[in-house]
Structure formats: structure tokens, C-alpha cells
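Read through the structures below before going on.
After this come two complexes, each holding chain A, first together with chain B and then together with chain C.
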Partner chain A sequence: MVGFALPRLKQPSVIPGFAPTLGFTVLYLSIIVLIPLGALILKAAGLGFGDFIALATASRTLAALQLSFLTALVAASINAVFGLLIAWVLVRYDFPGRRVIDAVIDLPFALPTAVAGIALTSLYTPNGWIGQFFAPLGLKVAYTPIGIVVALTFVSLPFVVRTVEPVLRDLDREVEEAAATLGAGRFATVTRVILPALLPALLTGYALALARAIGEYGSVVFIAGNIPYVSEIAPLLIVIRLEEFNYAGATAVAALMLAISFAMLLTINLIQAYSRRRYGHGA
Partner chain B sequence: MEREGIVRALPIADPASAADRSLAADPARKPRSRSTWHAPTTERPFAKWLLIGVALAFLAVFLVMPLVVVFVEALRAGLGDYLDAITDPDALAAIRLTLLISVIAVPANLVFGLAAAWSIAKFEFKGKSFLITLIDLPFSVSPVIAGLVFVLLFGAQGSLGPWLSGHGIKIIFAVPGMVLATIFVTFPFVARELIPLMQEQGAGDEEAAISLGASGFKTFWLVTLPNVRWALLYGVLLCNARAMGEFGAVSVVSGHIRGVTDTMPLHVEILYNEYSYSAAFAVASILALLALLTLGLKSLLEWRNAEHLRSTRGH
Partner chain C sequence: MEISVRSLRKEFDRTPALNGVSLDIQSGELIALLGPSGSGKTTLLRLIAGLEFPTAGSIFFGDEDASHKSVQDRHVGFVFQHYALFKHMSVLDNIGFGLKVRPRGQRPSDAEVRKRAGDLLDLVQLPGLGNRFPHQLSGGQRQRVALARALAIQPQVLLLDEPFGALDAKVRKELRRWLRELHDRTGHTTVFVTHDQEEAMEMSDRVVVMSQGRIEQVGTPDEIYDQPASPFVYAFIGDSSELSVRVDRGAVYLEDAALALVAPDLPDGPARLFLRPHDLTITDDPAGAIAGRVAGVRRQAGARVVELEVGAKGERIEVALPETERGMENGTHMVRPRKWQLYPAA
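Up next, the complex of A and B:
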């Protein structure tokens, strides 16, 4: 035995290749992700506290962050409701075309965001396929915050479906039978037996959808109209500051968004840790 | 015995007469016909078809219509204009650059994914779950920030900018920056498919191969790789789709030089902003076809090899 007092980093194993693979993993992770993100944080810290607060609380920055957050919240909520419904329909019912529908759910992951952006814009302009029905009501979708919600709903659609689906599929049907035997109506069984078991998965999907929607850029810039204080999202403000060569301004907005992302990531991990303890599976 | 006595004393229930009695006791209750009967653990047919209808209507509006409109708009000006738009020299240059970037970014993340999965799944070490969280980090970062971090590092005003320009190396507003930004946003795809699957499979097969005298490399090649090949392909497929379609991150570092630092998604934007709608949708339709191809292959993998992919999948 080696007599060092150092805590053992790794359990012994006969399999070779631990040091080179872990070394490469950490090196590659550092070069591609950690050092660049670190550079952003250093740059933000280098602005000085006063300057950072001034840039971060500029009214245009706050308006953009607020818009990004609120539209993402609405889109994620729409997807929480419809994602749960779609997962339910896909798992519990058999109907013609179910497998095709199941495959199509992932379209927003596969379709480039720029393509989604121009397609949605063309659908929701006042003379578009869908926009024409809203125009007589005096409702503008494209080039308003409603258009942003539409685009964010599209890009974050698969998250709730894909997190709820496997949990729902693995759910023990005997619990429902027990509830029915004990006299619970179907509605009571669904809302008081099934939904609580799906809640961690639903929350994880909701948080993932929210995180994706807050940072989304490509699909939104086409449909948003991009009017400062009205329909200008936070990622777009970063791009505008960069184009003005206002690196400090871009960094301040980015650092705030990164903080939001980290908070979301932490939330997701906490939900999953809770779910593993409570239900024995990660949501 | 006493117990037997109790059992004998109970009248033997006849299910049919019991049902008759309960019906007689409750005249409001009519016997349900076979078509409206539903098991207590499912919904009534009406509720079931209503739920299916609402779900399908939502998907039709939010998924199918955007996809269909791309092809309709692309072909609106006629097939001739469509072919002109996708064989335009700038469009061809954009296609070439898109392919070049993904040919570099996908193998890079593939090698990383294999190395990360090997070290995480086959060994026990401290800080493992923190490492997994860090690998997933790029998914939580806005694509625009993914581009910005490289501008801050390598741009003219960036930390390494003066040194790079002194040596005549151009990263930002050039292809290397676009490759780096693409690698950043597609970073976790292969790793996150492989890590859970290889953790599930454990290290038993590899330990057996090693004890039988196989070298580490031979074990990886003949034991590990065949075990994970479908998940690997799955990860590569998703990684490639994102690499070819990435817009925000690449847009920030590209500089938008037509025919030089213009990928297909960026070319779509340029054409769209020039009001060449048909041409924009024509290039977009190639990307949409690519997306459909990706979905088709992905579904094929899931149907054929469900047991070789990890069971619970969260994106």
C-alpha cells in the first residue's frame, strides 16, 4: 500500500485508462466551456461594482430581461399544460398515427431555430395562414410580445413531453386500480394519485423549457419586431451591444443571464435529487 | 371449528342476483351498454377522444404548420426559382461551410463523449456528479452567450486578441471561431447519451475482458464500443443536427461575410432580411429536410434498438 495521507480520489479498478480519459475530459471541458465562461465572469468582475450595477440596472437592460423572463414563463406554462396532455395521450391511448406523432414531438430540437423563426413569422403575420384569423379581432401576433411567446412555445415544446413520458410509462397501474377499488372516481384518481407522482418530472420539464426559452435567440428575432423596451429580448440586446462594440454592456447583460441559467440548473438538480429520494428515479 | 361455522353461516353470494338486487334497489341506475362501458382505470371514450383531439390540434398548429409553410413558401415562386436559389454560389458556399463546421465539431465531441463516458462510467471517483453537471452546462447557456465568450477571449478587444492579431491568427469573424462556438453548443450531446447507458451497463464486461488478458484498447474496441454503438449513433445524430442548424452562437462570431463566413442558417437570415423570401425559404427547406431526415433516423433507432438506448430520456 502507498502510505500517503492523501484522500483516495479513485476506487481501485483493473480497467485501464482512467487518468488519460479523465485528463482529456477535464482538459477539453476547460478549453471549450470553463475557460471561456470564466473569461466572461472575469470580464464582468473587471467592470467594477458600480459600473456593473449601472449597466445591469439600465432601464433597457431591465426591460429586455423582464420581457425574456415573462415570455419564457408564459411559454413554459403553456407547454406544461399541453406537454402533460400530449405525454398522457401518447402513453395511455392508442390511435392511428401515434408513432408518427411521437417522432414529430422532437421537431423543435431538429429544426434549426432560424428556419422555425421565419416559418412562424410567415404563419402569424396579418395575412399569414394563422395571423389572418387574429387580424380581424385587432390582435397582432407577429412583431409583438405574443409572437415571442409563440416562438418560445415552439422551441421549448418537447421538454415537458419528454420528461413526463417515461415516468408516466413506468407508473404502476396497480396504484390506480387500488384507488378505483377504494371508490375514487377517475378524476380523483388522476388528480390525486397520478399527478402527484408526475409532479417532479413535470417540474423538471418546466424548468428545462424555461431555461431554454430564456436564452433562445434564433427563432425569436424574426417574429419579435425587436423594438427596444417593447419586444427586445435579452439575448438580442447582447448582440446589439456587441455590434456597437460596447463589450462592457454586452458582458453585463450576459453575466446576469448566466446567473439566471445557473440558478435554473441548480433548481433542476435539486428537483431531480428530491425525485430520486422520493420516487426512486430521476425525473 | 368455530371459523368454519362462521363461513358456513354466511349466505353464498350469487354475483348475478347481487347485481339484480343492487339494480332493483337503485331504479335511477340503468345497466350500461357495452359501448359506453369503461374500466375504472381508463377514461370514458368521449373524454379520451377529446383529449386526443386537443393534443393533435395543438401539435398541428405548433409543429406541423410551421413545417409545411416552409415548403409551400419555398416553392411559391416555382421550381425554377427554387433550384436557382439553392444553386446560387453564395448558397453553395454556405452549404460547404456548414458541412465543414459539422465535420470538425461532431467528431471532436464524439471523442470527448467517449472519453468522458469511459472515465465516468467505468470508475468510481470523487466529484463525479459535479463533473456530469459541468458537462451538461452548455445546454443551460444561451447560444448568444456561447458566441460572446469567444469574442471576449479571442476578439480584437479580447484577452488574447492583441497576441493573436500580432501572429496573424484570425479566430473571431472567421471559421475557427464558428467551429469553437458550434463545439460549445453541441458539447453535451454524445456524452449525455453514453454516460447513463454505460453506467447502467457497469464495468463487468470490461473487467472480464481484462482478466482474460485483453489490452485496454482491445477491450474498448471489441467489448465497450459494440455495447454502446446505437446510443453513440443517436448522440452523433442529434449533435450533427444541432451543429448544422446552430444560429445564435455562430451568428455572434461570424461577422456575416457573404460567401466566406456564412453558414446555411445565417444565409437564410441574410436572404430574409433582403426580402428575398422565396430564396430564404428555399435554403430553409434544405435545413427542414435535414431535420426530417434526422427525426426519421432517430425514430428508426428508437424503434429498432429501444433496449440498447437508455430507457429514461430527458433532453
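Up next, the complex of A and C:
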């Protein structure tokens, strides 16, 4: 989280172990995250500025990046809306089979993404179970960006549900009752009282879903059709470059993806920090 | 606004929380619903507010049957024990909320809302805190904001559910006096729930004592204290001790000793004698007195409280003596009640 104050070292505290835990955290993050990413940036830096720009601004690269980020944004947005709805239903109502549905939410996590991709493809091809209904409308789902959005929505479904659910469950019933005694109808209560309270959690879920969707590869390659400039995602382009032994090209795309992702997640985190401060969470 | 509650019943999953309660609340009155937890006092308050709906019976606001009106239409100001402020709104936005959610035609302008919220903030003595957020306020301040928010909709009645329950003793005392003054100034019909008898006795015009979903007694604080209608009220209000006695033709016997008490109206048979610690005096004359062995002494603010073990059953009574009284640590002493209350044993 942004904006934490580093405690003075050697400060007496009832929660001991600051030094070893911080040390471990830094070491762990270094091995798992920072060193691999550092190596990537180092490799990209070795390219030289001119080469990097040339590789990064190649029209195929730009098309792939644009497709990846756009489809990820759409998928995360869809999940923000419907994930919230699912969380609402699971928390607010009790009905037979609620626990089963609750368990189903996590399935996209457990399923190998390739399996998901193949299953979705066979469903959404023009002669598939679902695709046949779209075909007469002239709408092709599989082998187009729409198919990519479907796959990304599938794999990133659990994030919003799982982040919003506990917050919604802990929401103080009295706050809603207070709004009602003040004359607010259900609509006003939901839009002015409940949604603002859920916003930080919703943003967290959105950020996680977005991050997951941007990096997704396994399920997309099956449903996308992978036509350059049309339905070729950036992670696939990286793999293609690697298979061509074009390590420089792969690194350039990867570094660019990393930079954009980082900027997006940082922005979301800043918004979140702001809203958290405003709403006084943890105060 | 007068409120009339008529044979109200409320069941939760078949368990009655309220068992045929009738109550008339006069316009401009400050009334306390007092009782232990589970007595149904909060349920009664929530039924009046429209946050719950009755299983049977009705609630009248003036001459109008409000039993099935929605909470939004009842126009009541409600204050919750844990404030229930909107965390993501500033203090001014919290107070103005009730005005901003009005239907378009009746909604005041934004400037008007801000002005009224500011006025209310002055009324609850928090001027200048309008731009703070709830988490930046103390508990007492939050409850004042909650009250201002409830008053903003110009309610016909003000309902408070243990409004000071979450505050520390000193702030609680201060707010009590302040709320009483505010009530006298604004003249709202006010009903508040409390389990603190001191709070109920100190603040209200009338007290409703409740137990197990029923009203035990309704009366002014003096009536409740001096003429308790049932053993429950006697034991619940103020300190008290109880002794099992026997009534025989108007005379009262503790085990086999006659006490210097008379009970002309009570039927013969076992009875319960209730005594208050400060209505007992130590005496040297054994005739008709209650004798007991000292079981403990403790200091209580301005008094020294001696606990006496009486009779073979070892029932205990408390005697309040001046704090200057010493040397009562052991031995047997005799006491004589100046006031007492007898109820037939159930």
C-alpha cells in the first residue's frame, strides 16, 4: 500500500520482530519478484535506446499491446459489475444451493487455463453450443477480440467477488437503517451509502482482475485465433518472438507491458489509498 | 405528536419479543424505556420507528394508524447506539443527507442544505467541524452529529436507542444533561431506550419499566421509585435486598420471630419482603428487629455498606451506614426498616 510511515528503528513496540520480518519480506520479494523483473529491465536496457524504440513501436507490437490492454480492461470492467452483483446475492440472500454457487466461483482458479480455453472455444465457435445462437446475428465470438474478452472474463471472475464479499458482509446494517429513517429509498441507500463503502474493495478486486487478465496466456491462445494485428495478444507475441530466437524483440514487448501494467496498478492503488484515507478505514 | 401503542405483539421466529404492550406517549414528552437486555425495549422502539413490523396490534401517530407505514414515511428521527454515521461523508454531508434524498420537488437547494446543516451543527455545539469525517471525531461528538442528522429532517418524534451506551461515564453524564436541555428547547416527543436506571430516572418525564416483553410499570421517576408496582420493579430500580417471610393475619414473621411490620392487605402465607439499604437503621432493641451476622463490609462513595446474613437460610441483606461508622466488621447486629415493601410470594 502507498503511504506507509516507516517506524523509527529500535522503537519499543508490543509487536516485536519488526527487523527480522522486514528483512525477510525484502529478501523474499527480491528473489521472487524484483530480481526476475530487474533482469528483464537490464536485458531491455542492453538493447540500446534506438533499437528499443524501433522494436517497441513496431506496428505489430503496438497492435498486440493495444488488444491486450483493451480486452483486459473490458473483461475487468465486466467482472466489476457482475462480480459485485454475485457478491451481493451471495451475501444478502439465503437460498438453497448458495454454498454450491459460492464454491463454483473459485473454479476458474483451479482449472488449467488451457482446458478453459479449449472448452470456451468449442462452445463459442459458430457451430458450438453457444456460438450457434450468435452466428445468425452475424456475430462471431471465437477467433475474434470478443472471444478474448470472454476468456479473460472467465479467468478473472473470482477476484471482484472474493474481495467485495467480506466487506459487504461486514457492512453495518444500522447504516442502511439510518439512511431509511432519514427518508432514503432503496435506490438512494444503495447508490449513496452502500456503493461508496464498497468502492475501495471493488477497486482492489478490479485491479487484481485487470492484472490477471493482462498476463493471461493459456486460455486466450485457443479462443483468439491469433491473427496478427487482429487477435494476437501481447503475451503470445512474446512467445512468438522467443520461438524465433528473437530475444531482443521479446524483451522489448515484455518491458513495455511491464511498464504499462505498473503504471495502471499504481494509479489504481493511489485512488484506493485516497479513498481509504477519506473513508477512514482502519481509523 | 402523540404516539399510541395498542396491544402490540412482535414475534421473531415464533419467540415473542413483545407480548401485548399498550402505551400512550404524550406530545412533547421525554419518555424512557427501561429494562434489562431481552426485555423488548429496543424491539418496541424499532416498531415505533418502522424498522420492524408488528405481528399484531397497532401504532398510532396522533389519530393516524401508522402500523403499516414504511420507515421512510413515518418521519422519525432515529439515533443508534453505535452512531451509524456514513463514514465516507463529511459531517455536513451526513447531517444534510436526509434533505438531499428528498424527492425532487421538496428538495432544498444545495446552499440551503448546507446552511441548515451548519445551523444544526451549531445547535449540537460542534461549530466548525463540518468538514471533518466521522473517524476524526470522538464518540461523544459522533453521537451529537448523529442527533443533528436525525433532527435535520424535522422529525415528528425522536427515537434514541441506548444513545449513550457506547460512551464513557463522564461524557455520558454531560450528554444526558445536554440532551434534556435540548429536548426542553425543541419540544420534540422523545423516546429513548436505556438499561441504565440512573439515566432513565435523571432524564425522563416518565419511565416505562419493561421485563420479558411486557410493561411492568409506567410512571414518573418518583412513582417508580417510591411505589414500585411489582417485585421486579423494586429489585430492578435502586439497590435492594429480599427476605422470605410469612404473613399471618396481618403480622409478618421471619422464620418464627415476629417482625415489627404490619401487612393488613396481604393474604396469609409466604411473602417477599423488600428492603433498601439506606432505609435500615441499626438498633439495640431486639423486639421485632431483623438480626444478622456480618458477612462483609465495603465502602461505597459516601456510605459504608454492611452485608448481613439473616436466618438459617443465610439470606443476605445490605445496610447502608454513614462512612464514619466503623467497627462493624464482625459480630451480630440488629436492624429495623424505616420503609419496606411486601409482595405475596408468586
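Everything below uses one rule, namely that the second predicted complex is superposed on the first by the 229 of 283 C-alpha atoms of A that agree within 3 Å, B and C clash if a C-alpha of one lies under 4 Å from a C-alpha of the other, contacts with A are read in each partner's own complex, and residues count from 1 in each chain.
Heads up, the rule we're going with is that a residue touches a chain if its C-beta (ideal position, glycine included) is under 8 Å from a C-beta of that chain, and two chains touch if they have at least 3 such contacts.
Remember, predicted model here, so these are calculated numbers, not experimental data.
Chemist: Under the stated touch criterion, name the partner, chain B or chain C, that contacts more residues in chain A.
Modeler: If we count touched residues of chain A for both partners, the winner is B.
Chemist: Which partner chains sit in contact with A:Ala211 here, chain B, chain C, both or neither? Use first/second/both/neither.
Modeler: first
Chemist: Which holds for A:Ile101: it touches chain B only (first), chain C only (second), both, or neither?
Modeler: So A:Ile101 only meets chain B here.
Chemist: Looking at A:Ala75, would you say it contacts chain B, chain C, both, or neither? Reply first, second, both or neither.
Modeler: Neither chain B nor chain C is touched by A:Ala75.
Chemist: Which partner chains sit in contact with A:Ala252 here, chain B, chain C, both or neither? Use first/second/both/neither.
Modeler: The answer is neither, since A:Ala252 touches no partner chain.
Chemist: Does chain B (first) or chain C (second) touch A:Leu182, or do both, or does neither?
Modeler: Only chain C; A:Leu182 stays clear of chain B.
Chemist: Under the contact definition given at the top, report the residues of chain A touching chain B in one complex and chain C in the other.
Modeler: 177, 180-181, 281, 283
Chemist: For chain C, which residues count as touching chain A in their complex?
Modeler: 49-51, 71-72, 75-78, 80, 82, 84-88, 97-98, 101-102, 133-136, 146, 149-150, 152-153
Chemist: What residues of chain A sit close enough to touch chain B in their complex?
Modeler: 7, 9-11, 13-18, 20-22, 24-26, 28-29, 32-37, 39-40, 43, 82, 85-86, 88-90, 92-93, 95, 99, 101-116, 118-120, 122-123, 128-130, 153-154, 157-159, 162-163, 166-167, 170, 173, 176-177, 180-181, 186, 189, 204-205, 208, 211-212, 214-218, 222, 234-236, 238-239, 242, 245, 247, 250-251, 254, 257-258, 261-262, 264-265, 269, 281-283
Chemist: Would you pull the chain B residues touching chain A in the complex into a rising list?
Modeler: Within the complex, chain B touches chain A at residues 40-44, 48, 51-52, 54-56, 58-59, 61-67, 69-70, 73, 112, 115-116, 118-120, 122-126, 131, 133-145, 148-153, 155, 157-159, 180, 183-184, 187, 203, 206-207, 210-211, 216, 219-220, 238, 241-242, 244-248, 251-252, 264-266, 268-269, 272, 277, 280-281, 284, 287-288, 290-292, 294-296, 298-299, 303, 311-315.
Chemist: Show which residues of chain A lie in contact with chain C when the two form their complex.
Modeler: Result: residues 172, 174-175, 177-185, 188, 192-193, 196-197, 199, 275, 278-281, 283 of chain A touch chain C.
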